[in-house]
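Notes follow the structure.
Per-chain numbering from 1; labels A, B, C, D and E assigned in written order.
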Amino acid sequence: MTITPELLLNFTIAGLMIGVLYALMALGITFIYSIMKMINWAMGEFYMLGSYVQWALVVFLLGADYWFVGIIGSMILVFVVGLIVQRVLISPMFTSGMERRDEYGTVVTIALSLFLRNLMTVLSGPDTRTPGRFLPPVTLGTLPVSGDRFAAFVGALLLIFLFYLLLNYTWVGMAFKASSQNRVGVQTAGINILRIDQAAFAIGVMLAAAAGALLAPVFLVYPSNGAIATVKGFEIIIIGGMGSIPGAVLGAIALGLTESLGSVFISSGLRDVFGFVLLIIILLIKPTGLFGERERLS
Amino acid sequence: MEPIIETRNLTRRFGGLVAVNEMNLAIERGEVRGLIGPNGSGKTTLINLISGVYEPTSGDVLFNGKSIAGWSPNRIANYGLLRSFQVPRLFGSMSVMENMLIARFADFRLDYRKDYDGATEKAQQLLEMAELDPLRDKPAKILSGGQKALLQIVRGFMVDNISVYLLDEPFAGVNVVVKETIMKVIEQMRQAGVTFLLVSHEMASVRRMCSRVTVMAQGARIAEGSMEEVAANPQVIDAYLGGKK
Amino acid sequence: MRANTFRVIAMFVLLGLVATACSAPAAPTTPAQAPTAPAAKPAAKPPVYMGALLPLSEPGAPQAGQLILRGIQMGAEYVNTVLGGSVDGRPVEIVTEDDKGTPEVGASGYRRLVQEKKVAGVTGCYHSSVCLAVNEVAKELGVPVIVTQGSNAAITASRIPQVFRTHLIDPIRAIALIDFAKSQGHKKVAIMADNTDFGVGLTTAVKNEGAAQGLQVKATVYDRAAVDLTPELLEIKSWGPEIIFNGGTGNTEHRIVDQAFDIGLFPKIPMLATSDWPYRSEEYWKLHPKNGVGIYILTAYHQDMALTKSGKWLYDAYMKKYGEAPTYSTLNGFGDLVLLAEAAKRAGSTDGKAMVKELETGSFEFWAGTVTMPQGEGAMWHQWTPPVVITQYAAANQLPKDAKLVYTFNYKAK
Amino acid sequence: MNLQVDNVIAGYQEGIDILNNISLMVKPESVAIIIGPNGAGKSTLLKTIYGFLRPRSGAIRFGDRGIATMPPHEIKHLGISYIPQEFNIFPQLTVEQNLRMGAWIFRNDKARLARQLDHTYEIFPALKRFSKTRANTLSGGQLRMLSIAKEVMTSPKLMLVDEPTAGLSPKVATEAYEFLIQTQRALKSAMLLVDHNMEEAIELADYVYVVDMGRVRVHGPRSEFDAARLRQIIQDCLLGV
Amino acid sequence: MQKRWAHLKNANYLLAGLIVIGLAIAPAWLGDYAKHIVILSLYYVIMAASWNLLAGYTGQFSLAHQSFAALGGYASGLLILYFKVPLVVGFLAAIVTTMLTGYFLGRLVLKMRGIYLAVATWAFSESFRLTIAAAYTYTRGDQGLPVPPLFQSLNPIWYYYLFLALTVVLLLVMYLVLKSPIGSFLRAIKDDELAAMALGVDTVKWKLFIMTFASTIAGIAGFFYAHYIVILSPVMLSFNEIGKIVIMVVFGGLGTFVGPLIGAPVIVILSELMRDLAEWNMVFYSLCVIVIMRTYREGIASLARRVLERFGMRRKIALANDKPTP
């Protein structure tokens, strides 16, 4: 294939766009990790729930014109589900006993992901669903893009921006940041750390659900559609550094560009391997990722 | 006589902070050397430097006249230079006896079986000396603070060729009985030929144990001599008062 | 300690409850499963069990598995209500087994069906790797398997007496695809497929066949979990193909249609679906209301073709039950189950050897004609190839029966 | 309101009691100091009072409320502040953000927040100078100031202070004591202070508890602890009598 | 004379011997399918026990363990397919490749702990899976790589005794390693790595050793498994596989020798029981795991230990919440 400047530009735009969408998938994982120091292996299933709620709301309740209301609705609903799941399943894995046993959290979230995915597989039958395509196509530079993907892109940017505002300009956001740095400190300040954990988990899965809802028209709605959010999300948080919010955003864009440009210059068949190559290179150079916290022996 | 441990202009920086600054220290064979100094004077950092936990920024550490700067902690330990930690670091899930034996077989040799009976016997003796033998099959994490401190110290003596033992605040958080036991153990091992460096806040114990005391302040040596000598040294008193110069 | 003991007891009680709760209703609770027509049960005759070995959960392809399962269940219904049962008029009962798309689970599943559930025959088999693992066990246990949709040539090429197949396999599908492209005057063909057994096998076959026929072929294989195929499609676009073969499985095929449309590739460049997923017209038009027109569909069945009696029964019953036309997966699942039941009936027993002999020598009414599965050469061993047709949705919201028939192909074994 | 600790037994692990039937009381506006050797259970006592550790038996009351089973954040709302031994700050937040976090419980009262910030900056001009820098760039003394300043943003009625001068140079330590006592007087709050630095710290106190092995050995008003007796106590502790 | 490094008493050796003898004569009553289930259980016992060496004893929560089983199978399968080498060469190739790869992975994650290590090893195994799937021209990807069987017949009886012997041998090797000072080093690394170094334990060496060792065991198990199932596909590398192993070990009791020996068969049997539920099987399987985790997290090994204690089968050994003797 001959690489023309136009083609290169198209690939760059495509890579950037998917990178921002990846960022939204990774934000929740890294946010939950930063507060609870726990990996939620069921993150992709909350993405999947978000896309199903969006589909159900648009098809049965709202109609295509109010698709954006559906996104907010699915975020709220999954937020509530997250509150309940954290309270009933996650938090009991960490509270009792002296030692923190990460493996309990790992096992329970793996089991939760199996449960949600297989339950949805049985319930939804063989059908792939879509809430519908809402928007006319647009052209970015030289690249024609579907309106819905562009909307998801803008929505993701907006959510990342809102999340940034929440973290930096609100009391609650400040409490989240503080909790990730010093858990004793927030308690002596009079904050209920258990509620911070619960809220952090719920917000994390809500972000995943938002990605699911935004991307429902583009990447479609089916029981295993969350796999991509889990896989890309984990790649990104390793690249960007676990627990780092800017790391997640930059790592996501780096991954999007690597995949897109890698398929131009090398081979598209290996595209999904590129992300892992990038990841292993980064691990070899800087084991804690681009923005990762330092881990010391003593 | 050649000192068994010697540091030459040993320096360690953390970012802009100089934790240990051109430190010179020489310990004779068979000595129990005291190392005192106000909080934050760099005593623990010095121990970490000698035992290989930190690499020196500059300077050298000599052990039996051989430079060991930059060696890994386990290699240094295999050569017979041991250290304890201020907060006892035990293997909580393992039994007291296993904690003892691990020190003996740390320099893994394939013929470890030969030594088993001897090692157990020695461990038993040490545990009896420390009055820990009733607990030998309990996991270490259930010991009390004082028992943990004791176990940590006697564990070091399991190392076959121990010749130097750096003790970081061995009396912190232990009661009188345990303290006496620790001192008894130290004295016995000194007679067996082990050299000690004793870092402690407890002047009374230091005074009892050590004929020579080194005083550190702000990362450097400011005095050395018997406890009476250093206590009379106005520089030392100033250091404890906080350097109101 | 006491509290803990109590907890353990509580746990076991709970587990017991879960186990009993879920084993009691067992199979019939699922929405996808049809309650076997109650009136049809010939009284007091012990049923003939038939196994349905299908991917029903991840990492398999549960969506495909469910479609085949529908066919198999309706096959049982057909045998029981219309054909009056299998051997000695005994009704057929389906035992469903999830193979999880995993060879080991598939092999275990076959063993369990045969040795624990005493089935007379097994059908299903979607993933080639599962089929290959089942083959080896089938050789030992002797109960016949009819492969519904495993595409790999090696499945039958290993000449195992118990293994039969009624599927349109990769090499033949590739011949049809390339032949169609040639007949349309295309010289440059692009194929996009995911790295599943189907996609990989088809890509290899298309490359070979294309080279043999003097066509330029550009093949792109991506990971099956990939969601964004824009870079691949951009690359294909710049290569300038005259037709694109869409060889995805599962959901990627739908995304290829959308994403190719978004970057202006389709429908400017025609696209051919290499399997008949767009045949589920309701789903297809819901997913592609504006951009679905013009797609070519490679399938085994079209309205203009004459269906056999059983085929017609299935078509009507399926339309009634699910409100859509049956797809190839369902049709084949249905046909294979009927084949098994018939073979047992003709053999007069559920003995594996006897059934294998009937299947090998007899000719049976299939949904699409008459099936024979003799000992052929290579992949043609016990292989029957359904007809190939290519249709086209010429207008939005067209039903399969209204689709334009543009090409037919009948493979003749040499 | 009195802080009253009655016969408290507590520990981190089952079977190991750090606090062994300890009882003490802190009167309003007074300063009580707990002295004693390392490992006597002094820090553990403060953690138990502040709800990080639940007592196995015994009662803890603040005024007329039992607080033995309350989690820390609720205790904070009662007007108790806890200043732990470690630098209790948020390293990635700016100094001002740290202080604002300290004012979490009245975060919606903007006027009070501004007033309190001004007040803190007045006492600590150094913190004002660095108000926009990240806390992790401060020196040890400044971090200590920040840890204290953050906890007293709420004008607590009772301050639990654990080793406020640990790791500080003597000069800075004296400053920290000055700030503490100044704050205590300004707020008219009570203070329960745990300290190693007996000679200096005891100057601040109204009442003295000597704790060893998880229980109170000796206690009495400050006047009973003259230099000679204190020396004796120190010696006893050092010698482990 | 006391055995210092052994927790297990004579009664346990006796019990272990009885179980092995029981399993050895059991085929007389077991049907083929039941034998197959035992074989599967034994395979997972090896996988779970060797993973337990990493996660349970050394604290290296690796999520790449299933890759080594697959690697062992693929190394042998590919060599046999393309170079027609005899089985023995395939076996040696499985050992050598898994050993080298295990060593490489050990190097890569040497400085990592806890969740970092988990995610990094996850990334390793995912990239391996993708590579196997993408290199389908050589590995046949999802079409499945055929592997010749070890015996003329796939009759489970031969494989039953093969896996029984393999399990006994490998468990014995693992047991001896754990019983030697190495076992203590590993637990010391998990408890307090710095303290272990300060006593002279070469933690770098032993971390590399155990990664290499456990990987090789997985590779050997994978080799035999592959030659029993006679087909390989990237599914063997999927996250589900390691998820299953993690569930088995945590369920049985992480860091206990008997944990995986109980956990693996129980989980295998649990998923067998669920088979009757067809498409609902995974739903109820995962639900059961959630219920177990929610009610009894410590694993059934500690439960079994308590039961045994109650019946006086073994000397009471200290449990975490025992009171110290005064």
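Definition applied: a contact is a pair of C-beta atoms (placed from the backbone, for glycine too) under 8 Å apart; a residue touches a chain by one contact, two chains touch by 3 or more.
Small disclaimer: the values here were computed from a predicted structure and weren't measured.
**Q** Specify the chain most distant from chain A by Cα centroid.
**A** Result for max centroid distance from chain A is chain B.
**Q** Would you identify the chain whose Cα-based centre sits farthest away from the centre of chain E?
**A** D
**Q** Could you let me know which interface, A-E or C-E, is made of more C-beta pairs in contact?
**A** C-E
**Q** So how far apart, in whole Å, are chain A and chain C when each is placed at the average of its C-alpha atoms?
**A** Here the centre of chain C sits 34 Å away from the centre of chain A.
**Q** Any idea how many Å lie between the Cα centroids of chain A and chain B?
**A** Distance between chain centres: 50 Å.
**Q** Measuring centre to centre with CA averages, how many angstrom lie between chain A and chain D?
**A** Distance between chain centres: 42 Å.
**Q** Hey, how far is the Cα centre of chain C from the one of chain D, in Å?
**A** That pair's centroid distance is 73 Å.
**Q** Using the touch rule from the top of the page, what residues of chain D touch 2 or more other chains?
**A** 13, 15-16
**Q** Where in chain A do residues touch at least two different other chains?
**A** Where chain A meets two or more other chains at a single residue, that happens at 118, 121-122, 231, 269, 272, 298.
**Q** Out of chain C, which residues touch more than one other chain, so two or more?
**A** In chain C, 30, 32, 56-58, 62, 66, 195, 221, 223 touch at least two other chains.
**Q** How about chain A: which of its residues touch chain D in the complex?
**A** Spelled out, the residues of chain A in touch with chain D are 98, 171, 174-175, 177-178, 181-182, 184-194.
**Q** Can you name the residues of chain E that touch chain A in the complex?
**A** 55, 61, 108, 111-116, 118-120, 122-124, 126-127, 130-131, 134, 193-194, 240, 243, 246-247, 250-251, 254, 279-280, 282-283, 285-287, 289-290, 293-294, 297
**Q** Given the complex with chain E, which residues does chain A contribute to the contact?
**A** 33, 37-39, 89, 92-93, 101-104, 106-108, 110-112, 114-115, 118-119, 121-122, 231, 234-235, 237-238, 242, 269-270, 272-273, 276-277, 279-280, 283-284, 287-288, 295, 297-298
**Q** What part of chain E is in contact with chain C in the complex they form?
**A** Those in contact with chain C are residues 31-33, 36-37, 40, 130, 133-134, 136-137, 140-144, 146, 149, 153-155, 225, 229-233, 235-236, 238, 240, 273-282, 284, 287-288, 291-292, 295-296, 303, 306.
**Q** Touching residues of chain C toward chain A in the complex: what are they?
**A** Per the stated touch rule, the residues are 30-32, 56-58, 62-64, 66-67, 195, 220-223, 225-228, 230-232, 234-235, 238-239, 250-251, 254-255, 258-259, 261-264, 280, 283, 286-287, 289-290.
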